[in-house]
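Quick one: the structure is below, and I'll ask about it shortly.
Going by the order they are written in, the chains are A, B, C and D; count residues from 1 in each one.
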Amino acid sequence: MKSYRVKVIKTNRDNISVLNAAVVGATGIVGQQFLGSLLGHPWFRVSGLAASGRSAGKSYAEALQDDAGALRWYCEEQLPEEWANLQVQDAEKLKASDYDVIFTGVESDSALLLETHFAKTTPVISTASAFRYEEDVPLLIPGINSDHAKLITHQRLRRGWKGFVAPIPNCTVTGLAVTLKPLLDEFGLKAVLMTSLQALSGAGRSPGVRALDIIDNVIPFIPKEEEKVMHEGRKILGTVEAEGIQAASVKISCTCMRVNVKDGHTESVFVSTEKPCPPGEVKKAMNSFASVLDKSGLPSAPERMIVLQEDPYRPQPRRDRDTHGGMATVVGRIREDDAMKNGIKYVLVSHNTRMGAAKGAVLTAEMLVKENYI
Amino acid sequence: MKSYRVKVIKTNRDNISVLNAAVVGATGIVGQQFLGSLLGHPWFRVSGLAASGRSAGKSYAEALQDDAGALRWYCEEQLPEEWANLQVQDAEKLKASDYDVIFTGVESDSALLLETHFAKTTPVISTASAFRYEEDVPLLIPGINSDHAKLITHQRLRRGWKGFVAPIPNCTVTGLAVTLKPLLDEFGLKAVLMTSLQALSGAGRSPGVRALDIIDNVIPFIPKEEEKVMHEGRKILGTVEAEGIQAASVKISCTCMRVNVKDGHTESVFVSTEKPCPPGEVKKAMNSFASVLDKSGLPSAPERMIVLQEDPYRPQPRRDRDTHGGMATVVGRIREDDAMKNGIKYVLVSHNTRMGAAKGAVLTAEMLVKENYI
Amino acid sequence: MKSYRVKVIKTNRDNISVLNAAVVGATGIVGQQFLGSLLGHPWFRVSGLAASGRSAGKSYAEALQDDAGALRWYCEEQLPEEWANLQVQDAEKLKASDYDVIFTGVESDSALLLETHFAKTTPVISTASAFRYEEDVPLLIPGINSDHAKLITHQRLRRGWKGFVAPIPNCTVTGLAVTLKPLLDEFGLKAVLMTSLQALSGAGRSPGVRALDIIDNVIPFIPKEEEKVMHEGRKILGTVEAEGIQAASVKISCTCMRVNVKDGHTESVFVSTEKPCPPGEVKKAMNSFASVLDKSGLPSAPERMIVLQEDPYRPQPRRDRDTHGGMATVVGRIREDDAMKNGIKYVLVSHNTRMGAAKGAVLTAEMLVKENYI
Amino acid sequence: MKSYRVKVIKTNRDNISVLNAAVVGATGIVGQQFLGSLLGHPWFRVSGLAASGRSAGKSYAEALQDDAGALRWYCEEQLPEEWANLQVQDAEKLKASDYDVIFTGVESDSALLLETHFAKTTPVISTASAFRYEEDVPLLIPGINSDHAKLITHQRLRRGWKGFVAPIPNCTVTGLAVTLKPLLDEFGLKAVLMTSLQALSGAGRSPGVRALDIIDNVIPFIPKEEEKVMHEGRKILGTVEAEGIQAASVKISCTCMRVNVKDGHTESVFVSTEKPCPPGEVKKAMNSFASVLDKSGLPSAPERMIVLQEDPYRPQPRRDRDTHGGMATVVGRIREDDAMKNGIKYVLVSHNTRMGAAKGAVLTAEMLVKENYI
């Protein structure tokens, strides 16, 4: 059935057999963002919503109500009637085989158990970090390391799963990896030193960042974030082999901070490359690379993966995060960095809850459909 | 007369002959900060206030009034009666020889003219950049490069001035230089890569940063700031010679951003040193160095030049900027940086309008009094 | 020609003869918002852009460039090529008769001169306050006081103009008037006491509100704003007579404050009515009234003029300002107020730069086209 | 013993026998503010710290440590060694009779149980609402209704307690009551309509307001707050009788909102009085009243209870909240309100965690010491 569907997708999107999708962790903020990203999706139809036992049995609208009767729905998109009335299932009892694909947006602890279970029968696209560092698990960013998808075959074989787990990377590494890829291809990468100014939404809502802590302030530490950026960055930029990923040899160092911005991570990046990388060449490399998904036909792919900003005051998170639906990485202030050999420095903005989370996961699912893994 | 005064200072502070000081640009925000820093000062007595012709002839309180009759006084300290009633003079007509020292807080263009004029007879301590890059002008930070004061003798000789001009450095480089100095002394410096998250007050009030531009946002560019950090950093850390400063050989690269914080610049610093610099040794070096001004007897000197924070969530601008009256540089998150050879990374917070501006200038003046230059 | 056009509009919008519009003050923030509101408009085609002499002769894109070469275009909508290339005219020399309608977004002083001149030949829709308090000038809000348009005929006659001036009200009074109208109709109005929490964008960009002044703060005063709300509110809700408006007899009192919100004015309203006004009846009255423009066929009319929010934590400016394209007034927290006779209290959010400014002006223009005044 | 102590207090403060105080809920934010307010207090010596069982047995410094080893101490004042080393007791097992006074800063549910227990032997000053609406319990604000303290005698008698419970009012009503009192005395009060713009710190830290919810936003609802303001306001301004308080007959109506301000509640107040109240008379009444505690000798009493601001842009929370150590209510924008009979309107700022919470509670305790209740 799947190959048929895929064939259809390739030849005539209007006739595609729509795939059944479940969203797990549906009442949480990531789950809601999955729904926002899947609203009106041409390939995926959300037919299952799952959450913790507390919400199970209620309609989705009921499950979102707080004590005061208000709807705790945080997407800008209106909650459609169809989903509002869907009965929420207990995630632990979800019959995974009823779905063609499962999107999970749960905490890492739950993810380990649930995703292991779901993957026995069904492809799982996850925002959790539970499986990210397993050697048979790719960290996919379409256009950047689409070929890592091959590892899924090995994962299935090794684990005896019909499905698989494909986690997306941490939101902070995504924009970084997108901009490093063309530099790696053109100039080779030696070292990356990055300082991030991360948005509030990256910390979620439970409880998230306290207003009292961030007003008139910067918090210069985000637990575990820097390790994720360093490890995941090298894995994403690595080369796929039969049974795993050979991490890229680039050295990555970073300091991750929280700033009083709603959405959109800003990153100040200093890079040392193998070969000389004059700013003009860097811009050219990024610009050429930006079109990598232009002909992919993936519904969530941005018009351009990278958008260059010549305005020296840009990119700014508030003004640039929504570029191409929050799926583009906006880059500006590309300058020579003479403190390192073959040095280049720039600033990027990447939308942490679009490309860096749910919508990025949907893009990954689309690629895996096209490549016949789903 | 001056050597007498200094002698008194050294032996018995209570009997000191107080020095007459003028504040030029007194109605502006920097001028007000000078006044806040000089309130109740044991050595300096503000007996002259000067501003543009528009304010000349009015009492200081009148000059601060806006159209609605409200007092545009922005310091936390109450404006004392004595200054409120002082008549504001026209800066262009100020009789400099009436004062022992002049503090100027005006735009660079005006500074060039006014300071040239004042310095003929009187020592000038300035926050403007007009003279910073002259080869016979030191960029003093007490405790960091106090010996650069020697250059003043050459400056006087060369220009035929009885006074001199001593500008303080840019507010962003100050905290950086304070933390780099012990690293330079202990390990030698090869390269510094810094990203700053700068406070709103650094942009002043005319017009300063628009709320509309910075709400829910970061602005990744501050005109001319990065050049200042690079040039001034190397000059401050350089070695003084007969007729100028030999800049330090360290390479400095930076990206300067504006964030929605009232006061206090936060800087994410990556350093590569000549010799290995394990975090424990770095902390020790900073801690030892921190006491450099402890026995200086300078009234505005902080208890410690550098305060180390072991809390991983610190330093934060709002919570740490006022440490030791805003005169300490607070450092935290000291970690090895393995992306560069002998790499170390840390975060610092420095108060841009205290140590980084008027109060830092007053500290410099104090040192120059003690060293007999004023 | 005009009656023909209007006839066409009523019967078949696709065949409408498009009207030529000029935007005056085009480089300013209000002018830009006019352009954003007119982008792709089915009735109006922007064929003229005018600004001060400084911009005259440049292409619009050139005129928007700052010293660093960056485009100072602040709308979320992309600036279309067609306008980017249009040559900016000197507003003082604009040939008004070349246009069917002129939208002006300039300061009140300039407005008085320019609009007097333009109106001799051409209808002028203005965001300035210059003409608001003239007795032959209506303050139109479509759906609220559309019948006040009649006064235009008197205005033309009295002044000997072929065109006319129709200013829109102050942005703070708009949402208030929209919600008071159904209360006036159903219960009669005795007194209104309102406290506004106004957005930063209401202060414009020249210089607008300083970030330094509003961070961690509220500013409890906006010059001239309270007088505008009181006078304009009574005029809007008044009754039109042959040669002027008889102001409504309701007493309006208010305190206007600035808060750290980008867009969207929040207002806390206490009302005392002539007849009893239980909350249930108030909701019903607002809900019925909300459909007033539903069948108007005006392109910029919101689906509902008033949207009621039952969530007690709403309306919130960030989450509700964009309801129906920023053209709806969102009302919540409707409760009995027992401190006044027949008291009711509620909170509203109204988008100050959409319904409250340029887009509201476009809506007014649409109504005047439909009613044959343009 | 107590009368002796009090006698000493009255005649010679230096020789006072210091009272032993316990702080319950010591690890929480209110408990910390109690400690900040009691630091170096001349009459009270904190010799007991109590919290939940989780903290019991640890030193106070240990109890404040989070998982990362960082000290969760939020006061601006440095945590003194003496308290850092004090062993935290289990609040449920605290031996109340060891203390002369107990300050409790716990949630209302716990407060009901704990305070009932403590009061059997010891005076309890509380920030919780548990007892506020009991008829034998006064809601004291020194200087406003000091005579309500008489009710304590009745409370002791009725409940058979040696101690008593004296809760302080809600932080939002405090500044309001302080400003209404002189109006009540001079003009009589008919109706009060108030809109509050409340600070983040009023919501505490567990979890407090999410940054994601308040950035670029206003939240127009605070659960239960409005009821508290209405009930407590009338009780505070009421008259004490043998066995309870006769609430004032004034009608109070309000809308309470949260804004993005760290500390300091701003309130927009409209008042209708019995007798005419021209602005000049209102200012005079407030100014005369402001000195009510001037000769009280209470260590925490502000220099002035009310400070009038003539600057039309004031009071502002950030700039005015710390007036007289956060213990003054700053009032500005006093104007006639012609929408109500004998109407007056003004804006006030009151520090919600100083006068409105812990430090206000300490002031109350001081008054009760002086009046021989403690």
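One rule holds for everything that comes next: a residue touches a chain if its C-beta (ideal position, glycine included) is under 8 Å from a C-beta of that chain, and two chains touch if they have at least 3 such contacts.
A quick note: this is a predicted structure, and the numbers were derived from the prediction, not measured.
> What is the graph distance from chain B to chain C, where chains are linked when they touch?
Minimum step count, chain B to chain C: 1.
> Can you check which chain pair, B-D or A-B, has more C-beta pairs in contact?
If we tally the contacting C-beta pairs, A-B comes out ahead.
> Select the chain at the greatest separation from chain B, using centres from the mean of Cα atoms.
C
> So what angle, to the nearest 5 degrees, turns chain C so that its CA atoms land on those of chain D?
That rotation is 180 degrees, given to the nearest 5.
> Starting from the mean Cα coordinates of chain A and chain B, work out the distance between those two points in Å.
44
> What whole-Å value do you get for the distance between chain B and chain D if each is reduced to the mean of its CA atoms?
41
> Tell me, which residues of chain B touch at least two other chains?
68, 215-216, 260-262, 312-314 - these are the residues of chain B that touch more than one other chain.
> Name, in rising order, each residue of chain D that touches chain A in their complex.
Per the touch definition, chain D meets chain A at residues 68, 200-201, 203, 205, 207-216, 223, 260-262.
> So in the complex, the part of chain B that touches chain D is made up of which residues?
So the residues of chain B touching chain D come out as 68-71, 215-216, 310-314.
> Spell out the residues on chain D that touch chain C in their complex, using ranges where they run on.
Listed in rising order, the residues are 191-193, 195, 197, 215-221, 251-253, 255, 257, 259-262, 266, 268, 270, 312-319, 332-333, 337-340, 343, 345, 347.
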